[in-house]
Amino acid sequence: KRLGFPEVVFGENKTSAQLIGIAERMSAHTSRLLMTRVDAAKAEQITACVPGLHYHAEACMLTGFGPAPKPERGGYIAVVCAGTSDLRVAQEAAVTLEMMGSRVERITDVGVAGIHRLFARLELIREADVVIAIAGMEGALPSVLGGLVAKPLIAVPTSIGYGTGLNGLIALGAMLNGCAPGVTVVNIDNGFGAAYAAASIHKQTRRET
Amino acid sequence: KRLGFPEVVFGENKTSAQLIGIAERMSAHTSRLLMTRVDAAKAEQITACVPGLHYHAEACMLTGFGPAPKPERGGYIAVVCAGTSDLRVAQEAAVTLEMMGSRVERITDVGVAGIHRLFARLELIREADVVIAIAGMEGALPSVLGGLVAKPLIAVPTSIGYGTGLNGLIALGAMLNGCAPGVTVVNIDNGFGAAYAAASIHKQTRRET
Amino acid sequence: KRLGFPEVVFGENKTSAQLIGIAERMSAHTSRLLMTRVDAAKAEQITACVPGLHYHAEACMLTGFGPAPKPERGGYIAVVCAGTSDLRVAQEAAVTLEMMGSRVERITDVGVAGIHRLFARLELIREADVVIAIAGMEGALPSVLGGLVAKPLIAVPTSIGYGTGLNGLIALGAMLNGCAPGVTVVNIDNGFGAAYAAASIHKQTRRET
Amino acid sequence: KRLGFPEVVFGENKTSAQLIGIAERMSAHTSRLLMTRVDAAKAEQITACVPGLHYHAEACMLTGFGPAPKPERGGYIAVVCAGTSDLRVAQEAAVTLEMMGSRVERITDVGVAGIHRLFARLELIREADVVIAIAGMEGALPSVLGGLVAKPLIAVPTSIGYGTGLNGLIALGAMLNGCAPGVTVVNIDNGFGAAYAAASIHKQTRRET
Amino acid sequence: KRLGFPEVVFGENKTSAQLIGIAERMSAHTSRLLMTRVDAAKAEQITACVPGLHYHAEACMLTGFGPAPKPERGGYIAVVCAGTSDLRVAQEAAVTLEMMGSRVERITDVGVAGIHRLFARLELIREADVVIAIAGMEGALPSVLGGLVAKPLIAVPTSIGYGTGLNGLIALGAMLNGCAPGVTVVNIDNGFGAAYAAASIHKQTRRET
Amino acid sequence: KRLGFPEVVFGENKTSAQLIGIAERMSAHTSRLLMTRVDAAKAEQITACVPGLHYHAEACMLTGFGPAPKPERGGYIAVVCAGTSDLRVAQEAAVTLEMMGSRVERITDVGVAGIHRLFARLELIREADVVIAIAGMEGALPSVLGGLVAKPLIAVPTSIGYGTGLNGLIALGAMLNGCAPGVTVVNIDNGFGAAYAAASIHKQTRRET
Amino acid sequence: KRLGFPEVVFGENKTSAQLIGIAERMSAHTSRLLMTRVDAAKAEQITACVPGLHYHAEACMLTGFGPAPKPERGGYIAVVCAGTSDLRVAQEAAVTLEMMGSRVERITDVGVAGIHRLFARLELIREADVVIAIAGMEGALPSVLGGLVAKPLIAVPTSIGYGTGLNGLIALGAMLNGCAPGVTVVNIDNGFGAAYAAASIHKQTRRET
Amino acid sequence: KRLGFPEVVFGENKTSAQLIGIAERMSAHTSRLLMTRVDAAKAEQITACVPGLHYHAEACMLTGFGPAPKPERGGYIAVVCAGTSDLRVAQEAAVTLEMMGSRVERITDVGVAGIHRLFARLELIREADVVIAIAGMEGALPSVLGGLVAKPLIAVPTSIGYGTGLNGLIALGAMLNGCAPGVTVVNIDNGFGAAYAAASIHKQTRRET
C-alpha cells in the first residue's frame, strides 16, 4: 500500500451484504480497515455481523479491527469548516487522518460571513503542519485562509447549497480560482482524498520524529 | 426616463459612425448623455466630431454635454473592489453614479486574500448608504462584506480570471450562493446596472434632502 | 445581528429532532425566530414539542415566539408573482418581510402572458417603496415591470417549469440579462434573501419615521 | 425544391472565390438565388464579378438574378423586434420572405422594457397572417406577444447580449419555456429559418387567393 | 381565449385535491376542459369526484365536460413518432388537437434507423395540412421528414434516452440544428404546445370551411 | 508503431519553424510521414524547405517522403459525408487511410435532408469493409446509415454549424444517442482518428490477402 | 436484422407486464431474444410467466429461447474493466457478444491506478481480435491500453463516480480526447452497443473460418 | 509575503507600459521578482527598459533582479509532463520553483499512451520530495503516477486539446475523479500555483536541513 496505509473501501454503491463479505475477507489479513460513506442503516447490519468494527456516525465511516491508532508523528493537521452542514465531510477527513496516524484539530463554525469567529481560532490553524479547509455554497473559506496562513492548504468543496450551487460545482470553481496562491483542491465532498494527501505531506514533514 | 436619468447608450457593438450619429441627434434634446463600453480608439473619433463630450478612460465611458453634475443628495455610495483588474467595472459604476447625482467613495485593493487591507477601510464602507462590491475570480468579497456591513449591498461579478473561471460564471455563482443574507447580484461586468440600482435606492433613502 | 433581525434557521437539510433542539435552545434568549423550508410533516412534530411557534403552511415557515410584529415603518413592499406555482416563494418573502417589520402587499396572478391583469394592479405596485418580482419559466416579469416602475426592484427566479427550464437557470439568466436597467437578482427560489435585501432598503428609506 | 423556392447558399464559412463560383454556376439554371451571411467585403468582391446580384447591407444577404419578386399572395407577415441590435436577423427574415413572395410589415423598437411602444403597434401585428418575434438578451418578447395575438407565432432568439447571455442560449431557453402556448422556436440568429417556416404557413393560408 | 380554445390546466405539480377544486370551479362556466400530465392514480381520484371527465390513459390527460368535439374543419394533422417510448407525448398532441377541432392521423413506429417503414407511410404524411414530428434520442426524424415533406413541420424533442441524451437536450439541439429549413421546435416533451401551434395554423389554413 | 504505421505529427499548435525541424529530423529515418492540420501558409513554407513532401490542400495535410503507397489489401473503406462544409474532415480521413494502405471510396453530398441522394449511392457504401460517416449540424447521417448498412460504422461529428450547434457537441451527442446499434464515435473533427480505427479493422479483415 | 442478429428489447422503461407481452409475442417467431436492463424484481416476474428465458443477474439481462449459442467463429474478444463497479456494463457486453456467437475473455480488476495488474494480463488482451475497454471515474484505461495493444479498441465510459464525475460525462470526454489514436467510443454505460460493434468487426475478421 | 517569497505579477492582461511601471517600482525594494504569462513581444519591450530582468522564453516568464537563486534546501521536485504541448506550463512551474529555492528535475515525453517511457524515468520521480504531474487532453498521467509513487502529488490540467477537450475542463475533471487517492489539483494551466504549493510542502519537509 502507498504510505503503509490500511485497506479502504468505498461503501456508497455497495449493499450491506457485499460490505459484510468484503469486511469478513479483509479481517483475516488486515489490521486496519476503513469503510467510507456507510449510512447508519447499513452500519447497523454490518457491525451486527462482523466483530471489531466501530461506527463513526457523523463521518458515516466504519473502522476496524483494533483500537484507534495512536498519533505516529508530532504536530497536527487542522480540519476547518464553516458549519453543521459541512460536518460529515469534515469528520470523514478527520477520522481518515487519525487512522493514518496524524493528530487532528477540528475547527468548525468559522464561515466567512462571520469572520471574527475565524480570527478567534487563527493561532491554532497557523500552528498546524497542514490545513484542510472545507466549504460549500460560495466556497470562499480557502481563499480567505490562504491569505492568512503560510502552510500547505488543501481545499474541499462540498455539495451543500441549493439552486445555482450546482451540487458543489460553484464551490469547486471558486476554490480553483481563488486569488490566494498555493491552494490545491480535491473532488466535491472528498474528505477522504484531502486527508490522504494531507497525511502524505505530514508524514514527510515529520519523517525524523 | 425612470428616475429622471439621462439617455444611456450601450457602445459595445456599435461603430464609431453609428455612435457619432446617435450623439449628434441626442445633443439637441438632452443635457445628460452616458455612453458605456467605448474603447479609446472609438472615443477619439467621436470626441473629434461631437463637441461637449468627456472621455473617462479607465471607465471606457463618454459623458456629456455639460459639466459633471454636483451631488444631488447627502450621503455616499461605496464602490469596493479587489484590484487593478476589476477597475474598469468599478469606474463604470462610479461614473454612472456621479452622473446620477450620487457622491461616490472608491475603495480598491481590498481582495479577500489580504483581508487586513479590507479591515483598514471598513469604517468608510460601513458609513455608506449603499455598498457595491465588485470581484472576479472566486467572487468572495461580497460574502465577507455581507457579514461586516449592515447596508444594502449589490454584488458585481467580473469576467477577470482564466481557466475554470468561465468568464465570470464562477464569480456570479459564488455571489448568488453567498452565505451572508441580503446580497443582490447583477450581470457579469455590469457596473452600470449596479450603479443604476444603487442610485435608485440612494435617491429614495435621501428623499428629504 | 445585521439590522437587528431575529435568528434565522435554514430548515431544509435538518431533521425534526435537530430543529426541535435548535428551537428550544433559542427560545431562551430570542423573541423572534424564523425557520424556513420546513414541510408540513416536520412542522407538526416541531409545534407539538416547542410552544409558541406558528406554522405558515403556504410559506413552509415557522415563526416564534411572540405575536406577529406590527409594521415598524411607513410605506410597504410589493411582492408580485405570476401564479399558483410561485406562491411558496412569494409567501416566504412576505412572511420574512412581516417578521422584519415591513408591511407587504401581495399581488399574484399577473404573468406576462396576460399583461392586462398586470396593468390592473400597476398603481399598487408603483406606490411601493421596494418591489419584489417573482417568476419561473421564462422569468420575464421583472423585465416588463422594470420598464413600468421607478423603484428599487429585486427579482427572484423560481425553479418552476420543466424540460429546458433547467430548474430555474433559464429564469435566472433571463433576469440577469433583462433589458430594463437597475434590476438586481437573488438565487433561485430564494424568497428569504430577496425579503432580507428589501427590508434593509425599506428600513433605510423610512429611517425618519 | 420544397415550396418552389429558389436555391439558398449559406455564405458564412465560404470564401469569396467559392461564392463567386457557386453564383456563376447557378446563374445558368436559376432565376432566384439567395445568399445569406455575406459580409460587406465579400459582397463587394462577388457583385464585381457576377452580374445581376443585389446586396442587402442590413441583412448581409445577396439576392439575384432578376427584379425583386412581387407579393404572390394576399395578407402579410409581421416581423417584430426590439431594437437596432436585432436588426440584422430581422432583415434576414424580411428579405427571405419577400424572395418567397410574401409581403412583410417590419415593426422595430418594441422591446418589453418599453411596453407602451409595443401597444402602439399592436393592431398591425394582430392583423398579420403569421408573426415572427425576434429578441436577444432575456428573450421575453414572444411570451408577451403570445398573450396578445391569436396567430401562428415563430420566435427567433438572437446572440445579442453579454456575460450570462451565453450567446443567445438564455433567450432561446426563455422562448422554449414561455408561458404563452403555441409559440414555436428556431435556432439562434436563424432569421432565414423562421422566414422559411412562416412562408410555408402563409402559402397554405392563402392558397385560394 | 386565444383561438376560442377551452381552459387548459397543467396537472403535474398539483395535488388531486387542488385539481378537483379547479375542475369543479370550471365545470360551472366551461364546456371544454383539458388537464395535461395527470397520472393514473390522480385521474382515478378526480374522476371519482367530478362527473363528466374522461381519462386518456396513454396521453395522461383528462378532458371534459361534453362528448369529444367533432372535426371543425377539413384536412388533418399528421402526428408522427418513432416508437412506443414517445407515445405519451404523441398522444398528448393528438388529444389536444382533437379537443381543438382538428382531425388527426397517428403514424408511429417510423424511426430513422428503419427508414423503409417511414417511406411506407409517406403519402399519408405528405397530404396533411401540418406535420408534428416527435423524437427522442438523436432527434433525427424532423430533419429527414423536412427533406421529404413540403408542409409546415413542428418538431417535439422527448426526454427519452439515457447517458449523454441529457434528458432531451441532445434531441432538442439536433432539431434546432437540422439541415432541412423551416422546421420549428417546442420545449422537450411539450406535445400540448406543438398541438396548440399546429391547430392555430390549421384553423387559418381552412378558414373558409 | 502500432499497425506498422508511419510517424504522425499534429500540426495545429506548432509553428512552421518547429514543423520544418521535425520534418527534417524524421526524413532521416522514416519513409512515411503524415502531418495533419497544416494550413496553406505553413505548408508553403515547409515544402519550400523540406524536399519530398506533398500538400493535400483540401485535407490540410502534408505527406512524405515517397510516392503515395499502393493499396496493401483488398476491399475498400467508404468515407461518407453530407456536403462541402465537412470536406476537410472527410479528406483528412481519406488521405490517412490511403497512407495506411487502404483503398477509399469518397461519397459526398448525401445529407439526410435529401435522402434520395443517399439511396443513389447505397450499393457502393454497402459493399465497403468499413464505413466512416461524417456529419455536422444535427449529426443524423450515421443513424440513418446504421439502419441501412450491416458493416462496422465509425461516426465523426464535425464542428460545422452555428448557434446551438455548440461547435459540434450536438452532433456528437446525436451520434452517441443514435437508435441504430453498433455505431462507434470519435472526437469532433477527428477524421484522422476515425481513419486510424477503420484501417486497423480493415487490416484485420483482409489479413489473408 | 443487421448481422443476422436476434431481436433486442430495451427493458429499462418498460413494465413487467409490457415485457411479458413482448416476450410472449416474440417466442412465436424468434429463437434468440435479448432483453437488456431488466432488474432482478422484473426478471423474476417475467421468467415466472414466460418459459425458456434465462436471467443473467450481473448483466441484468434476459436471454432466450434456446441454449446459449456456441461460438460461431475463431478468436475471441477481450472485455476489460477496472473493478466491481463497472461489472454490470462489462457483463452486458459479454453476454451480448456470446449471444452473437463470439467467444469472450473477461479481464477485470485492472484499473490504471494499479498498472502492474494490467501488465499481468496483457498477453491475453493482445491476442484478442477486438478489445472492449470499460472505465468510469477518470476513464483512463482505453488511453493506456491504446498504447499497448494494436487491435481495434472500443471504449465504454460508465456512470460510476461522484461529484464532478457528472454521471460519466468526464469519463466519456477523457476517452474522446485520449492521446492513443484509433480508439472509438460508445454512449455512457452502453455495453450492448460496444458488443454489437465488436461483433460486427469480429464477424468480418473471421469470415473465412 | 507567505513563505518569504518574492513579489509575483500576473502579466497576462497588462500592457507592456503597465508592466514596465510595475517592474521599475518594484526594483527599488525587492530583490526577487517574478512575472508570469509575458509573451516574447512584451518581454522584449520590458527588458529593453528595465535592467536586471531575465526572460525565460519557454516559460513565458521574466525574473529579476539578481542571479538565479541557489537551491536553499536538499532534495528536489519532479516536474513531469507528456509532451511538447504541455511544456509552457511545465516550465512555468519549474522556473517558479527555482525562484523559490527548490531544485527541480524535469521529466518530459512520458504520456500514458507510451507507458514504457514513463517506466524508464520512474526511479527519478519516486525519489522526489514532491511530484507535479502536468497533462492535457484526457489528463490521465496523475492517475497512473498516483498508483506508482508514494509522495505528495499535485496535478495540473492544461488547455491543450481540441473539440470535446473543452479547453482543459475534461483534463481537470479526469484529475479530480482519478482513482488513485491523495492527488490534489490546481486550476487549468496554473503551473505557478502548483509550484507555489509544492514549494510550501518542500520547505516544510526539509526544514531541518
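Here the chain labels run A, B, C, D, E, F, G and H in written order, and each chain numbers its own residues starting at 1.
Going forward, a contact is a pair of C-beta atoms (placed from the backbone, for glycine too) under 8 Å apart; a residue touches a chain by one contact, two chains touch by 3 or more.
Just so it is clear, the model here is predicted, and its values are computed rather than measured.
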Taking shared residue numbers divided by all residue numbers at the interface, is the value for chain B and chain C over half (same) or under half (different)?
same
Could you tell me the distance, in whole angstrom, between the mean C-alpha positions of chain E and chain H?
58
Measure off the straight-line distance from the CA centroid of chain A to the CA centroid of chain B, and report it in whole Å.
41
Need the CA-centroid distance for the pair chain A / chain H, whole Å please.
27
Please list all residues of chain D that touch 2 or more other chains.
163-164, 169, 172, 176-177, 187-188
Let me make sure I understand the interfaces: which chain pairs count as touching?
A-B, A-C, A-G, A-H, B-C, B-D, B-H, C-D, C-E, D-E, D-F, E-F, E-G, F-G, F-H, G-H
Chain F residues within the chain E interface of the complex
82, 111-115, 137-140, 143-144, 146-148, 161, 163-166, 169-171, 173-180
Partner chain D, residues of chain F touching it in the complex:
84-85, 160, 162-164
In the complex formed with chain C, which residues of chain B make contact?
2-3, 8, 129, 147, 149-154, 172, 176-177, 181-187, 192-194, 196-197, 199-201, 204-205, 207-208
If you look only at chain H, which of its residues touch chain B in the complex?
12-14, 159, 167-169, 172, 187-190
